[in-house]
Amino acid sequence: MAPQIQLGLVGTGRIGRVHLQTITQRLPQARLAAVTDVNQQAAAAAAEAFGIAHIAPDYDALLADDRIDAVLICSATDTHADFIIKAARAGKHIFCEKPIAADLAQIDAALQAVEAAGVQLMIGFNRRFDANHQRIRAAVDSGEIGTPHLLHIISRDPSPPPLDYLRVSGGMFFDMTIHDFDMARFLLGEVTELYAAAGVLIDPAIGEAGDVDTAVITLKFASGAVGTIDNSRQAVYGYDQRVEVFGSAGVARSDNLFADAVTLSNRISVYRGLPLNFFMERYISSYQAEIAAFVACLVTGQPMPVTGIDGRIPVLMATAARRSYQENRPVRLDELLTDG
Amino acid sequence: MAPQIQLGLVGTGRIGRVHLQTITQRLPQARLAAVTDVNQQAAAAAAEAFGIAHIAPDYDALLADDRIDAVLICSATDTHADFIIKAARAGKHIFCEKPIAADLAQIDAALQAVEAAGVQLMIGFNRRFDANHQRIRAAVDSGEIGTPHLLHIISRDPSPPPLDYLRVSGGMFFDMTIHDFDMARFLLGEVTELYAAAGVLIDPAIGEAGDVDTAVITLKFASGAVGTIDNSRQAVYGYDQRVEVFGSAGVARSDNLFADAVTLSNRISVYRGLPLNFFMERYISSYQAEIAAFVACLVTGQPMPVTGIDGRIPVLMATAARRSYQENRPVRLDELLTDG
Amino acid sequence: MAPQIQLGLVGTGRIGRVHLQTITQRLPQARLAAVTDVNQQAAAAAAEAFGIAHIAPDYDALLADDRIDAVLICSATDTHADFIIKAARAGKHIFCEKPIAADLAQIDAALQAVEAAGVQLMIGFNRRFDANHQRIRAAVDSGEIGTPHLLHIISRDPSPPPLDYLRVSGGMFFDMTIHDFDMARFLLGEVTELYAAAGVLIDPAIGEAGDVDTAVITLKFASGAVGTIDNSRQAVYGYDQRVEVFGSAGVARSDNLFADAVTLSNRISVYRGLPLNFFMERYISSYQAEIAAFVACLVTGQPMPVTGIDGRIPVLMATAARRSYQENRPVRLDELLTDG
Amino acid sequence: MAPQIQLGLVGTGRIGRVHLQTITQRLPQARLAAVTDVNQQAAAAAAEAFGIAHIAPDYDALLADDRIDAVLICSATDTHADFIIKAARAGKHIFCEKPIAADLAQIDAALQAVEAAGVQLMIGFNRRFDANHQRIRAAVDSGEIGTPHLLHIISRDPSPPPLDYLRVSGGMFFDMTIHDFDMARFLLGEVTELYAAAGVLIDPAIGEAGDVDTAVITLKFASGAVGTIDNSRQAVYGYDQRVEVFGSAGVARSDNLFADAVTLSNRISVYRGLPLNFFMERYISSYQAEIAAFVACLVTGQPMPVTGIDGRIPVLMATAARRSYQENRPVRLDELLTDG
């Protein structure tokens, strides 16, 4: 039997608990040695719920635990870069929720620390592990649809987050589109230039908070392909997550997922229930699969499927999108490198 | 250019006018020499609408018209057998709407007259010419789904016909299921035995008129395959016409047809409009295609795609279904032959 | 917090392990006190995999464990009735996999023992807990589709079981259709009469083993509704599980479930992958939900959602189906009662 | 009965013959008094096929025919503006195929002639009359999906036109996207700015001919909504014509149309045939409906449903798209007006 991997987790909020559940219930090759959280009550409750023996008093204590091979960073976004650096220096492998940071310099510092320490780092872009997205990626990789020419990502949330959250989120491009930037790269490779058309169509308060709530971003890929991302903060019919890749030999399209496959007809219409309405329902399998992949790489020594660079580039794209929107012009990603 | 076929048509009611339109607008190789109807006003109106020069005073006069190569019999059902016999004796080829008659002896007399005269006869089972049914038949013929094991026909009307009509219709098995008996034979060949479970679930007045309004008929085919026909006189969501053939190498399923391919989603459901709700909408293309096939066979001398025997056997099946329902037992078709 | 229910499980084969996983990973209100199996190695492996502290040497020892409130009987079918009787006498509540027995007298003895002991009994007809079937049941219960007139159950396995299994299975009606008999009752209530048309279309060896591999069973319900069950032992495209209920106000239809919602198009066709191909994939959620329901009823004292009678009647229906097939006639269920 | 409208038609090529068929076979309230074509043999063949009594020797002769109320201009694109002017001066109402011209000054001259003469002009943007597009427009107009926020038009041809045609077509934006520019306006109203990302991904020869074969155009509407048009000259799976409008209260999505509604499953996949593969199949009903609408407006005096301005603005948009692509920047439509 493979040696059991010992994990520590920081941040026992919503997503942290999802990972705790996956590890304790589905991954016999991993073991949670300890958890911690700035809210010690939350940490204690999570430890009890998932049968974890040890609660570290803080993140430093977690890192000081020699039994621990790897940490999962599920704490607030503004801690990510610093926690990566500390973990790297402590010689721990790292799984970190996205984004690493909104600031490219902070990201680079974190990635340098990881490289200097020779530890492994995986970024939590869970959607790559979704069955729909995996199937479309397989269609691209296998040549089943030929050379990709066009990509469309529809990514609409059921409802906007609270304004308090919006104000600190860094804006829609950094908070929401970042998943789609990652998906675009996952499916069609590197983007060289983008153009963001956006506006405030749902709630003026979102505009007053300095953000947009609706956007269409055009992507030009290094390959010559062209893509779009469609974002809305409020799809009243539920969480709308679709992808289409059109290529020289065909097209692959994903549709939304539903709680059942029942269609009804009455005097008025043919109808069915709404799609899965919450990211925790829609993407629960992808969260499970990403942690399984992380643990599998720790066990086998294989390279991580979502690297530090994969965490960095979507932030670069979000930065370009913000500039494109502000200046109403296409922005090349390499502009940002020379600028900055 | 092929010689133009001269046609006469008797019965300018609803279905007669559909055929007039097809012939005058879509079939340059055919020409309507004359029409007739017991209602001479109806005949005159049809002749004007479709630019037909001659209105025959009655059916005998139509048959006496030497220019006419073939007749289309679209008159009341109880005239069909007699009109076939007369047309055959007059040396005309014949297209006759289904059914030939409800009485097997009358049918046999008609078929004998046709055979004796050496004319061609096609029966109007239009559904064989529908794109869905043709596609499923092609799947059976080509071996695409292997050897057929199971067949299901769903055939539900949007609403019951008037009671006055029901009383003279011969009953649901003769009036409605007869299309499905033909479809079963078209797709899987001959039936040896059937069992009819039926009832009055929609309107007690239908029961009082001596008929049923809901039925499930189990079919045993000579091949060993088993099938069902599902009939209802009232599907509130529209005309429900579906077929499924399951075989050793796969399955072919047809779904209903719709006026558009638009799906909507709102806070409540994902929905679309109802299926095409009337047989004239749903099957208009199959009516056109059957007349085109009739004319093509006249031109080429090829055998008719739906023969007199194809008109006879569904009546035999309806007779068996009635007996099966009355006696609540499976009935072999050959019982009726030895009885009768 | 509600008191924790203590469970014992007998039979650590495939389905037993599914239940072990559900209980240990998803049901904090239940605890597995002990497991046992005639194969003690299998029991030991399961205990280790799911962290169960105690392995009882045999079923009697399990029942003698005073901590245990309820047992789950997942052992071979021929042990079910006897194990129910023993558990009832030991005062344990009981979850038993279907079927209780193939013999009605054995079933009745078991149900009498349960009643005499005043314990609760739930039968494992897991499909009742499937999201599709639940949605259709809700459509029936709510009046959303009016009064049910017609029911169709398609239930086809991906491939036949081994002949050795078939020979002891009691035949397709008892082994496979029994789920569909339960589903028919779950959706439309009691059946009064049925007619089974069946045959050997897939593998002559199945016929030589005294069984059929393909069947269509017509059901007449006490309500007047009519239904069919379509069974095949081999659907090459996967596990085909669909239901349709047609009523006076509409229709509800379920379709198969798929691993993803991706459709592809190329020069040849528009296509997608096959449906979930194995009952453990297709119905995993329903297995989890049934055990959760069992535990919830133990905790709350609510009546069980699938009772002993629900276990008995499908066996009666299978007995009637066998007789119907052998005698080629519709069989009333009450014939079997008066026969003895 | 309403007075019969007398029509003359110039240009008996493919699209001219479609209109001839509609008028002669479906529109009893209109009559074709005469046709003409620079190719007199083509005119004669069309006249014979559709039973038209008179062939005018040229367009001027057609206009001189006092019986004619209105003309249909189906001749080569470079004749449209001039033929409109002549028809207007002759006091004829006008149906003209799109586009009026590629040059805005020519369009304006034509529209001024129409206005000066007080005749009616309808432009042949047939897609507005398609059942899918009409249904989506109805969803927008009725408020069924709330205020539109996002629009996506997928419009892909099955294969590129011949290079000879491409060289004189004015480029993809003028030849192909022009339909989508019209559709965008039809569904969401006026566009103020657009950005075209495009390239040559299918055939380098198209690039050498000075054109692109793949494009994504971002549209900003006066309402604040944002849209995209996706164009490809080659969708190997057929003619791909889809629209999606997302609004504050829901979404409406159209899918492609198919020759049948049959789905098959085998050991490999669940599949169906390809969508309708040719614009004459896909849009035949919309061609028929547009001519019916034109004739109905002539009869009733109602305003035309697609006006001269509706013919002008898509050309303005195509001009903007070309500039946007050439200069790689968003272009406001009013830039083009002030430029001159």
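All chains are identified by letter, namely A, B, C and D, in their written order; residue positions are counted from 1 within each chain.
Keep in mind that, in the parts below, a contact is a pair of C-beta atoms (placed from the backbone, for glycine too) under 8 Å apart; a residue touches a chain by one contact, two chains touch by 3 or more.
This is a predicted model, so every value here is computed, not measured.
With centres computed as the average of Cα coordinates, no chain lies farther from chain A than B. Chain B and chain D have Cα centroids separated by 40 Å. Mean C-alpha positions place chain C and chain D at a centre distance of 59 Å. Chain B and chain C have Cα centroids separated by 43 Å.
Chain contacts: chain D has residues 236-237, 249-251, 265-267, 273 touching two or more partner chains. With chains as nodes and touching pairs as edges, the resulting graph is complete, every pair of chains being joined.
Across the complex, chain A meets chain B through its residues 236-238, 265-275.
Taken in their complex, chain B has these residues touching chain C: 146-147, 149-150, 152, 156, 195, 197-199, 201-202, 214-216, 218, 220, 224-228, 230, 232, 234-237, 240, 246, 248-251, 328-330.
Taken in their complex, chain D has these residues touching chain B: 25, 131-132, 134-136, 139, 144-145, 249-257, 259-267, 273.
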